[in-house]
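For reference, the structures are reproduced in the following blocks.
Two complexes, one shared chain (chain A), two partners (chain B, chain C).
This part shows the complex of A and B:
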């Protein structure tokens, strides 16, 4: 058992979770666009489900929050791959942004 | 072989990166036009050049059958073994041969592999038998030992790590890995896969001793899962999979270290 001295394992786990939620929910969105007609997916109905029921709110948080972390992780490591060696400042900025977005999402939805 | 060469007037052009540290400022390409023989491997072609055209050409080789891992080079931009690469796959186009990328060139196609060897050693690539060494209680269940002191291992237990034990240390994966070029301190695909191989071996008790290197920033966490290492590997070791299995394990240990902080300390 080990205790790594960096938080990369945490960021990577969030990245993995984000990849998974994006894959699931994108498929869900595309399939529902194929199988349901416009009135079923009307703004009012969607709003009623996702913003007014607990299960809806929970699922929208689960869909969105890990995705932010997944995307920002990709962006941050992508910069490294493109030989832009961002320092710790940029790292804090990137993940800080994901953190702010996550908190904002939770606040807005709840 | 000479008969074959005589009866054949087709030729193929090889551009080979040449560098002699005693006389050259920087590496330059040398061009060789050699007879095209359909069943020649690139290694055969290099041998022909060394014997008949330029005896100063330097390259490593030994077994000629993709077992020794000596003749890794970059062929038309892709890291490959010279013995497994055939002229006929390129003819009539020319071939461009360079030493493995991400290594210092010693001379011509020979690279300095001492850093690679150090990295291999850093993961302690041998069975660490804690019980024998320290008389400590085994951390995981130990396989049965025969009266002569040999561990018994079931085929399924062998199957767990066999793939990762097939590495021939050809260094193609180090040449393929973009992270290796960006961060020379990265432990790299083959060494991490080798550490994983011993961690998965049920005779081994040394996982804790390898963690520091494997889970370091310059260990598995330097990898961004490009996956080209596994693509170029001539032995299907799949080092990218080994690295990702260790990331998953590392993430789990990381989380557990909060739940059971005392277990995390040594």
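This part shows the complex of A and C:
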């Protein structure tokens, strides 16, 4: 029998990274969007940062992509706590969704 | 699945029976809110790519009272996540590092980093037309 390949360590490390990115970035982002309107967060400035500068594009990818994986990992495992014992189909659906969100994020800023 | 694991019957509201379980479920609920908020941010990126009108409409939506309530609930849960994340950081850090520096410097160092990064984000956001 060939040695099975395990994906769980990779998913676990993405979950760890997601916990980190949520902690490091989300408070500031949420507070900024609650307190500042479009006159401060103007289209020109936001577009220049998140769509044109490398630092802005990289920042938003680093902030969002691990966060998707971390949250979805926790949603998937949290279902168990809510007595939903999901099978492989739901697992593929969950992580597939994280993959779709990740690709969309990278594509939209590049 | 070929195997049929035994699932011990549990009452559906098991987590309401003990304060620690209630707090666990409260903290874990943050992942749902954070995921939805991240999807909101991704939507914002698409609007930013689509042009000024789409971006301004998205920014107006962020000011909608329902959206503000959602953002504030997400913020509260994010803070719970952040503090519990820092509290458990010494236990997931490399144990040689933990032995060398101790638990509190790891926890406080992480929280300090979080505070600095978030102040930078808010300061950059506040810069208005000067950036």
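As a working rule, the second predicted complex is superposed on the first by the 94 of 110 C-alpha atoms of A that agree within 3 Å, B and C clash if a C-alpha of one lies under 4 Å from a C-alpha of the other, contacts with A are read in each partner's own complex, and residues count from 1 in each chain.
The rule is short, and it goes like this: contacts are C-beta pairs under 8 Å (C-beta built on N, C-alpha and C of every residue); 3 or more make two chains touch, one makes a residue touch a chain.
Predicted model only: the values in this text are computed from it and were never measured.
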{"item": "Which of chain B and chain C A:83 touches, first, second, both or neither", "value": "both"}
{"item": "Partner chain(s) touched by A:27 [first = chain B, second = chain C, both, neither]", "value": "second"}
{"item": "Partner chain in contact with A:8 - chain B first, chain C second, else both or neither", "value": "first"}
{"item": "Chain B versus chain C as contact partner of A:37, first or second or both or neither", "value": "second"}
{"item": "If touched residues of chain A are counted for chain B and for chain C, the larger one", "value": "C"}
{"item": "Touched partner set for A:19, first chain B, second chain C, both or neither", "value": "second"}
{"item": "Residues of chain A contacting chain B in one complex and chain C in the other", "value": "16, 81, 83"}
{"item": "Residue ranges of chain A in contact with chain C within the complex", "value": "16, 19-20, 22-34, 36-43, 45-47, 49-51, 60, 64, 67-68, 70-72, 74-75, 78, 81-83, 85, 87-88, 101, 104-105, 108-109"}
{"item": "Touching residues (chain side chain C, partner chain A) in the complex", "value": "1, 7, 10, 12, 15, 25, 28, 30-32, 34-35, 37-39, 41-42, 45-46, 48-49, 51-52, 55-56, 59-60, 62-63, 68, 71-72, 74-75, 78-79, 81-82, 85-86, 92, 110, 113-114, 117-122, 125-126, 128-129, 131"}
{"item": "Interface residues, chain B side, partner chain A - complex", "value": "178, 182, 208, 211-212, 215-217, 221, 224, 226, 247, 250-251, 253-257, 260-261, 263-265"}
{"item": "Chain A residues within the chain B interface of the complex", "value": "1-4, 6, 8-10, 12-13, 16, 77, 80-81, 83"}
